[in-house]
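Following this line, the structures themselves.
Across the two complexes that follow, chain A remains constant while its partner is chain B and subsequently chain C.
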Partner chain A sequence: MKIAVCIKQVPDITAPLHIQNGALVFDTNRMVLNAYDASAVEAALVLLENREGSIHLFLLGPDRAKETIRKALAMGAHEATHLLVPDDAALDAYLSASLLAEQLKQHTFDILLCGKQSQDTDAGLTGTMLAEHLALPYATNAVGLTLEDDLVVATRQGDAGQEIMALETPCLVTCSNDMNNPRIPSIKGIMQSKRKPVQTISVTPDATPSTQVMGYEPLPERTPGVQWEGEPLELARRLVHHLNDEARVLS
Partner chain B sequence: MSKILTYLAVQDGKIKRASLEVLSHCRALAQEHGWTVESVLLHPDARSLATTAQQYGAETVYYMDHPQLQAHLNAPFLAALHAVITHANPHVVAFASSEAVKDMLGALAVRTQAAVLSDVASFHIIAGGVEAKRPVMASKLIARTQAQGARVLVSVRAGAYTAEEAPTEAALVPLPFTFDVDTLKQQVREVVQDALGTLDLSETQVVVAAGRGVKDEAGKALVTQLADTLGAAIGASRAVVESGLFPASAQVGQTGKVVSPDLYIAVGISGAIQHVAGMQNSRVIVAINKDGDAPIFNYATYGLVGDLYAVLPPLINEIKQVLPTTPE
Partner chain C sequence: MPKYAFNADDAYLFESMLGEEDRLIMESAREYAQSRLEPRALEGNQDEVFHDAIPQEMGELGLLGATIPEAYGGGGVSYTAYGLIARELERVDSGYRSFSSVQSSLVMHPIHVFGTEEQRQRFLPRLATAELIGCFGLTEPNHGSDPGSMETTAQRVDGGWVLNGAKMWITNSPVADVAVVWAKEKGTPDEGTIRGFLVERAFDGFETPVTHNKMSLRASLTGEIVLDDCFVPDANVFPEVRGLKGPFTCLNSARYGIVWGALGAAENCYHRARRYVMERHQFGYPLGAMQLVQTKLADMITTITQMQLLAWRLGQLKDQGQAAPAMISLGKRNNCGRALEIARTARDMLGGNGITGEYRVVHHMVNLESVNTYEGTYDIHGLILGREITGLQSFVPRGNNM
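Showing the complex of A and B:
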């Protein structure tokens, strides 16, 4: 069983940030493995727990993203391909998916896993773009993943319930962080990761991105609210009075 | 003349309200720019549903009513949308964001060679494309984003616009569904419906959401009773979905659904940024929490510091007394 996993390095969204002249400035420079991709790596490791196989990581990103490759190798993936782009490369989901697909076409795999979105932009486009480029059957937003004979069975969280999908291989599945809790690399895993093969290939986008961020803005300000303490009945009465007469949302 | 095409998603036998909101916005954009506004329906009952599309101002309604389009599966819906877009040749295609749309949008952009913007809070037409505001970084801020190209796909968060009736004499145009189901390499074995009421979170004007403070079935019963009293959908934070008390389809937040109802009542929710990302655009936010320092109070219009188990019973009573008629 060969599993390919696409991973991405993203800024730590829990770190403080601010906007300066319309540009985004992170107060720390901390970059992390996208949490949804960590779930994809974990899902691959779980699939191989009682099975022969290998996990090949694919990452598109600048030089510093190699830290993120090491992290996922330390979790237990076997090898990686780093599609290296310049630090200032202008990429959107469309160009990223094209570059990744071009590389993936040169490899064989049974399952291609991705995070369902990246936690910085929350766009959630690259996974299904890859599936289309590679003409793969796919399922998105998976919260469960198992193998049954030759079929991949993915449980995806749909709009009204969970859809249990059976997919022929090769296929693509995008993973929700509700699927699992990604393991923390062990010291042994970290030591071993340093000896695992990472192939670096320089790539250049062959077009300018069709989507671009023109600038960042703060959220519209909310009018500061009120906070009440007191006896439950008094609190309930006060709230209902305000919802009814002031906010006019009860009718 | 340029065209804007709106995809009208169907759920529980009706066009989703969120889709009608997007259609209303598209109609306004079309008027502003002298474009035509068209829509597409993919459902076995598409022909009868098309009257609703006419009510909301679509000038042409393309439809396919093949039985295969009853329930969501990405490959046939992608093929159908690709065929409609190829036929209608719109400059902009607009969707209400949902898990079904997220399941197709990137692939559809590649197949139709379109630029794409997903999950936007608002959008308008600019020379050569679309400009949108997208919440990013766990919705801590807004990215003003442009898509340039002969074709742009855009999906819009629920509640961004208001659905307004504007009846038209729309032409109904049936299109053939030519997808060969024998080529399918995936199938849906089963859909496990969540047992938590039938109200769709993104479709209602009131949401009652439960967090970690709701510890047991008794707490869940209070939350359900409050929701029933208000005719509200039930939401949940990740914590109570993980604990198994609430189903995953109720999850509101960066990972779950993004909602912006008129009234959002956060019961026992502390207000982690991942949750706030999914509800902060609600018009009125009520927070009920024991901990007066919980971050949810920073977003609350009305904050009640108190134990939900003590506050909800009198609250449900008081609401019943002011509501003209209690919804079933």
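Showing the complex of A and C:
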């Protein structure tokens, strides 16, 4: 069984960050493997636990993202393709999906896994767009993934229950972080990862993004609450009057 | 994105100077320490519990004997990476770093450097997975800073040696399967020469009573080693190494790890103090708005930055084979002393809350008292440096009629 996994390097969102003049400032400038993609890698490793097969990683990103490839290889993936773009490449989900699709068309695989979204944009678009580009059946936001005969069975979480979907291979599944607890790469895995093949291919988007981020703004500050003092009966009257006539939340 | 931002955890961006491999190892160690050790540390330190699963977990991840070649079950990593692991473990608790330092630097390292090929094969792979736990016996009840005066003896007998004596303040000894013990030859032409022995749990005359009432390093186990006519076969003796060079080689390696470990503890105290003063309000303002508090934080990040750069550079020197013992003394002395000061300041900044274990700073503070003392006290490393600077030893007071 051949599993392809798309991974992305994202800023560490647990590190302090603030907005300055409409731009994001990452205090630590730490870059990490997108947590949802880590779940996708883990899911692939679990699927292969009692099965022959291999895991091929695909990453679209600048040169420094190779550290993220190495981390996923250290978890246990077998090989990787790095689609190299310049540091300042302007990419949106559509362009990313197009570039990944172009490369993936040259490979065969049974299952293509992605994180359900990336932690930096939280858009959740690339996986589904990629499936459309490749004309693959797909399921999003899976919390469970198994193989039953020739079918890939993905469990999706709803508010009141679960949806269980069967997909024919080849197919694409985007993985939730609720699916598993990604393993911590062992030192042995890290040391072995440098001996695993990584192919680097420079790619150039053939279009400018059709969407762009105009800026970032902090959440509007909450207006402070009001505090009244007085007798209970009077306060209750005042509260009802306020809710009814001023805030108009009762009528 | 503006080009320049100040990283208040890593002011001079030393982590960005690390190689990819070292940084990945640091991240794995950090992820493990924060997700698995931190939740146990309060109970561990407060109630003197060393959780049974910890050695195996560290072994599975490859944190034990990480610098030992892969052929012997180690990781073959750089000394910088080894230091970064120590930093992450001690960010949680010095007790956990002590466990791993002893296993890695004081047990696996000497077996690798001084052991026979048969000893390496027999012990190292199982020490790397923590199937075996090791300890290191040098210090004695009457001989701490002056190990050359040790009283433990090894008498030559047919097929091996008989050891007698007692070792004290031995991390891991109560659970150790094998002890690296240093003792003086007795009744041989080389009478008084220090030799190294691998004493196994099953040997008769080997006891390891637990040390009770510790006020520091409570999350790791400490005990004694009592040797009462303990027979050690020739197969368990380091064949070549003689004298204090043996134990000092081990201590150099462990002290190097402590340079990094103390940094982790200091960083954690600073991190906790910083968070606390932003949340805690007095007189209507967060403590962090007070000038006295701000300069304390400024002093802390300044010192921590110095400690980081010192550890990082020392790691480079060690990886290039250029780290002289006195360089390690300088780092061990500085980083332990400064970490202890930072921990005390952080404890003060947390006020009454700093007294409770829940905030963890007081654990670091009392742990660092041990870390500043063991593996060469602050003052002894000062004397080592003094001897290097002047060419004059001052360990032994001379010119006095005593």
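Everything below uses one rule, namely that the second predicted complex is superposed on the first by the 220 of 251 C-alpha atoms of A that agree within 3 Å, B and C clash if a C-alpha of one lies under 4 Å from a C-alpha of the other, contacts with A are read in each partner's own complex, and residues count from 1 in each chain.
Just so we're on the same page, contacts are C-beta pairs under 8 Å (C-beta built on N, C-alpha and C of every residue); 3 or more make two chains touch, one makes a residue touch a chain.
Everything numeric here is computed off the predicted structure, so don't read it as measured data.
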{"item": "Partner chain in contact with A:Met1 - chain B first, chain C second, else both or neither", "value": "neither"}
{"item": "Touched partner set for A:Thr128, first chain B, second chain C, both or neither", "value": "first"}
{"item": "Touching partner for A:Leu24 - first (chain B), second (chain C), both, neither", "value": "both"}
{"item": "Contacts of A:Glu67 with chain B and chain C, given as first, second, both or neither", "value": "second"}
{"item": "Touching partner for A:Val198 - first (chain B), second (chain C), both, neither", "value": "neither"}
{"item": "Partner chain(s) touched by A:Trp228 [first = chain B, second = chain C, both, neither]", "value": "first"}
{"item": "First, second, both or neither for A:Ala89, with chain B first and chain C second", "value": "neither"}
{"item": "Chain B versus chain C as contact partner of A:Ser176, first or second or both or neither", "value": "first"}
{"item": "Which of chain B and chain C A:Ser186 touches, first, second, both or neither", "value": "second"}
{"item": "Touch count on chain A, higher of chain B and chain C", "value": "B"}
{"item": "Chain A positions touched by chain B in one structure and by chain C in the second", "value": "24"}
{"item": "Residues of chain A that touch chain C when the two form their complex", "value": "16, 20-21, 23-30, 32, 66-67, 70-71, 74, 184-188, 190-191, 193-194"}
{"item": "List of chain C residues in touch with chain A within their complex", "value": "1-2, 5-10, 13, 15-16, 20-21, 23-25, 27-28, 31-32, 35, 60-63, 66, 70, 75-77, 81"}
{"item": "Chain A contact footprint on chain B (complex, rising order)", "value": "11, 72, 74-75, 98-100, 102-107, 109-111, 115-119, 131, 133-149, 184-194, 200, 206, 230, 238, 241-242, 247-249, 251, 254-255, 262-263, 273, 280, 283-286, 292, 297, 299-307, 310-311, 313-315, 317-319, 321-324"}
{"item": "Of all residues in chain A, those that touch chain B in their complex", "value": "11, 13-14, 17, 19, 24, 93-94, 97, 119-129, 131-133, 137-141, 143, 153, 156-168, 171, 176-178, 210-219, 222-223, 225-230, 232-233, 235-237, 239-240, 242-244, 247, 249-251"}
